[in-house]
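Note that chain A is present in both complexes that follow, paired respectively with chain B and with chain C.
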Partner chain A sequence: MDDKKENRMVIEAEVPMGTVHPAALEPYRLRLFVEDEIVRDAEMTVGVNHRGVERIMEGLPVEKANSLTEKICGICSNIHIWNSCRVAETALEIDVPERAIYIRVIMGELERLHSHLLYLAHGSEVLGHETFSMRIFYIRETIMDLLEMIGGNRVQYGSAVLGGVRPRCELDEMRIKKLTAGMDLVEEKLTAFADRFVSDPMVMSRITGVGVTSQKDALRLACSGPTLRATGVKSDLRTEMFEYYPFDFEVITQDDGDVKSQLLMRVFENFEAIKIIRQAIRDLPDGPITNRSWEMQDTPITKSYIEAPRGTLYHSYALEDGRVRNCVIRTPSMANIGAMQYSAIGHHITDAQLCVVQCDPCFTCTDRAIEIIKL
Partner chain B sequence: MDLIYSVIAVIGTLVVAFIVSLFLPGIERKFIHARIQQRVGPPITSPGVMAPLKFFFKQTITPESSMPRLYNALPIISLIVVVILLLFLIPEMYFLGALASVIALIGFLKVEEVMYMFMGSLSRSVMSVRMPFPDKAKGAAHPETPQSFFEDLSSLRAFRLIAFGSFPLYIALFVAVARTGSIYLQDIINYQQVHGPILFSVAGVLGAIVFFIGYMILLNEYPFSILKGKPDVIEGPYMEYAARYRAYVYITRGFLMFTLATLFSTLFLGIAPNILNPSFIITLIVALLFPMFMAVLSAFSPIFTYKQFYPTVAGVSIIGVLAIVAALL
Partner chain C sequence: MSLKSYSRGRAVHVMLVYTGGCNGCDIEIVNCILSPKFDAEQYKVFLTWNPREADVLVVTGPVTKQNEQPLREIYKAIPEPKAVVAAGACALMGGVYKNCHGDIPSEEIAGPVDQIIPVDAKVPGCAVRPQDVVAGLVSALPLLLNAE
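Then we have the complex of A and B:
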């Protein structure tokens, strides 16, 4: 992995960026060690936005704790509450109705769409291409409207509750029609955008061969999600999640591990998300959306892993008198920080933020994780 | 009578140039950028008129510079240089001889470029090194490495732009010199009044393309805005300008846009800026068209790094040399 770091590394100066920087949507410190504007080493520090959500969750009734997890992330709020409910549902052996599972999958994939589109827009902005950024935001608006239609909000639209989904997230005929039309529209616009994007020589020149993380290094750095798949590793937790068993979809991979692969990776994943949503709408089963017949009991620490838009999301907690104990949450960006630092090495300093952004960081989520270092 | 005519021509041209230049940034952003990006955009007066006006009445701050007064004075010096540049383009000033020549104009443009270098080297904003953060905490990587401000990078880039970035613009200026055989603006205009505009020749077309790229580089517009790119150095040399000094930065940029367009119409169309001459309308049209073309190109381009910048400048410079050869032939 140290092949990028030369044996006789010359570091002329350190250029610190952040914690406030217009290319970074969230607060973090990026120290770039440069030689004639070429990054020789990088160090990233997060923690400025620490909120201690796990500590706040300690002792809360499980229903309240679940709704609090939705506040962890402003982008993938739904996946957090879904995974948190999964922990309790697994521990308490609650059967979730099939219709509720389908609605959860629809919401999860809509969230993946909006998260990936946000990523593409932010990536375009860091490239300096505001027009592409604006156009992606326009496409994303359709998804945001659909999320608002189902979940009631544009940001905190989480649908999952213990045993199913919230009553207002029920999909009636009108909503299904809107969903179908929305998917057609997004697919059409995204296809046009992707064609335009890959045929732009200036954009391709900026992103091809930049920020490369090899497959070997991505595995060593324990990357997850699309960041790992963009290096050619076919790893997607959705293939192991029982909720996704009924759906037919491809696990998208790219070979090069550079910014181009990362961006295209998300574009192609969006088409797969649309495919899953269409299948879910077509095969949506009848029946209740919530199972209320379960009893609270004390449980040991139970774990749940789920494929969030950025990678593997981990939640675990124990239940004691209906209250949450020993909660631990690990977000995908924590696993991808290594790749963010590493991929910037050897590239021009202007590309450094692009190398960070290509791994789709979400430090608002990550900053509530606690790392205990044994001294 | 001649003296009064000359004074009116000079002052009138400068005043009209000043007024038009205030609207150029608004036209660029409202009618091109915003339309391409399918959004409403700011009011046309906002970027060029209302923003400087607002900044003039804001409370200023003392920048964290080793020489804050000099740092604050640089935009004013820059504005003066651009005004002088336009002044020597007005036909009534051609009696000054060598000062109304292509060589003198290049000298003034160089001064303008050097300003960015000084601004960068004198600025010490809070956005990088001065941001309160425990960088040197236990376990930090390379704790002994000297820290560098963003503006230092900008200053270094400004130096590089002086060295190679302005090639296209200066080569384009010499297309007119090669064609007319004179460095004096009076001779260049006289030649075109007899033989027609240089623009309507092969050399002229090539030269115009090269001039346009040089125009964008000098104005630090996307994709050539390495001096003040948002992905790394943010505002670069301008980072610490506040209140009226930032207003001067905005005004200077608008004025430079107008002046460079005027320079183009003088050298490639043979039309010198003079408000009392009806052909001044063509100068105004050129001044409007240049920001529009620039906005279209910048709206569809990502920011360049050196990897794209060097080949672009080299390629455009070669076209410029071909234009000079064509002009000589």
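Then we have the complex of A and C:
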């Protein structure tokens, strides 16, 4: 016992942040233990936003529960309702029409575009470069208009329903034309932005070599999504999902694991998303968009994994008399919290906020069920 | 128009407080003040996160139990005259999180915003549209400009 006491490092200076803080949109608490302005340890606490969506979903009819999952997150709302429908569709063996799958993929990729653009805008703002932030926000408005056109709402556009997509989200000729034009515009503007961004020596020197997560650490912390891919691991659930089989796209990886690779990672993924949307519009099959011929039955707990813009999203529930039982949801930011803490260690305290933001945090969805462990 | 209200009207600072919603409203509000499309900054409306320099408090979310005390303290820290805008269905009546199974109140939610601090303007919608947020802010402005 005495040996342990000798080895213990005592860091006296602590910089607490939160729960309401200017640089963070969402409330969370970050404790930074500093020594000569260098962060030696970091601790992040969430739990302020817990609303208990699983508790509310328990016992709801499955259609209602699906539309409730959309309210878990305001950024990646479509992916939640898609995955929740996927659980019931797998359990009840519902055949989804091919056209509906294509429309779901288009919505999912549009959402990936707007989520990544929001990340870039937020990242540029934390960097202190408001001009880049404004430019990205302006590009993002094009995507928001397209989402509003298809879903009817700017944020909560629940397109997926059990067995297909809502009739509102049917893509007619006018919408396809607008989508094509929008994709061309976004690609042109994003290319110009990317050229300007990487050729700016001030920004590059600010983000190169900062907030490094090594590949070994990222694998050990079980990170997922772009945060993992930015450390050089080629892991993307979209390569294994049957919805994405017809599409040809590349899994983007970056080598360094610092803020630069994280930011560029999102820029390149946006181009891949545009590529997928173009293929989906070109090959959009004809036919119905919903399959109404299915019967409700009791099923055991069914799982579904999906690649959300931030990483791997997990939903599972059982069905009993058409109602949801034992619902579990696991969101991607939960896995990436470890990377946020580790990447700040060893860097200057002014970069701590950047290190947190680089992992694309969404603590709203992360506040899931609280488990009380008795010690 | 007095000198005070003249100068106040030229620098309205909006503070956004997030109390446990789904993040959709927050991004729309930041979007409507900062982003170049809606751009409330051209009407001299600025976003701040310091309660001591804020004039208007925009609250989103259904106020979880953990967030109740911080919200009261932020409200106290804002100097007079002040206006409070509740934005989004959650802030107005608790939204989808207020009740479990019909009418059993959820144990996580401390109630809509107007049970905790006085609300001057309400902006409905799930999620709020930026145009509505601008309209809500404008309807709260007379409280600031006509104050002594």
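Convention: the second predicted complex is superposed on the first by the 357 of 375 C-alpha atoms of A that agree within 3 Å, B and C clash if a C-alpha of one lies under 4 Å from a C-alpha of the other, contacts with A are read in each partner's own complex, and residues count from 1 in each chain.
To be clear about the criterion, a residue touches a chain if its C-beta (ideal position, glycine included) is under 8 Å from a C-beta of that chain, and two chains touch if they have at least 3 such contacts.
The structure displayed is predicted, hence computed values, not measured ones.
Applying the stated contact rule after C-alpha superposition, one finds that A:296 touches neither chain B nor chain C.
Contact with chain C, but none with chain B, is seen for A:77 once the two complexes are overlaid on the shared chain. In the superposition on chain A, A:138 makes contact with both chain B and chain C. By the touch criterion stated above, A:128 is placed in contact with chain B alone, chain C being left untouched.
Of the two partner chains, neither chain B nor chain C is touched by A:281. By the touch criterion defined above, A:20 reaches both chain B and chain C. Of the two partner chains, chain C is the only one that A:47 touches; chain B does not reach it. In the three-chain superposition model, chain A touches both chain B and chain C at residues 19-22, 134, 138. The touching residues of chain C, counted against chain A in their complex, run 17-18, 20-28, 30-31, 34-37, 48-50, 61-62, 64, 66-67, 70, 74, 95-97, 99-101, 106-109, 126-127, 129. Taken in their complex, chain B has these residues touching chain A: 33, 36-39, 127-129, 131, 133, 135, 140-142, 145-148, 150, 152-153, 156, 222-223, 225-226, 229-232, 234, 299-308. Per the touch definition, chain A reaches chain C in the complex via residues 19-22, 25-27, 47-53, 55-56, 58-60, 68, 71-75, 77, 118, 133-134, 137-138, 140-141, 153-156, 362, 364-365.
Residues of chain A touching chain B in their complex: 11, 13-23, 29, 31, 33-34, 37, 41, 43, 45, 124-131, 134-135, 138, 200, 202-203, 205-206, 348-354.
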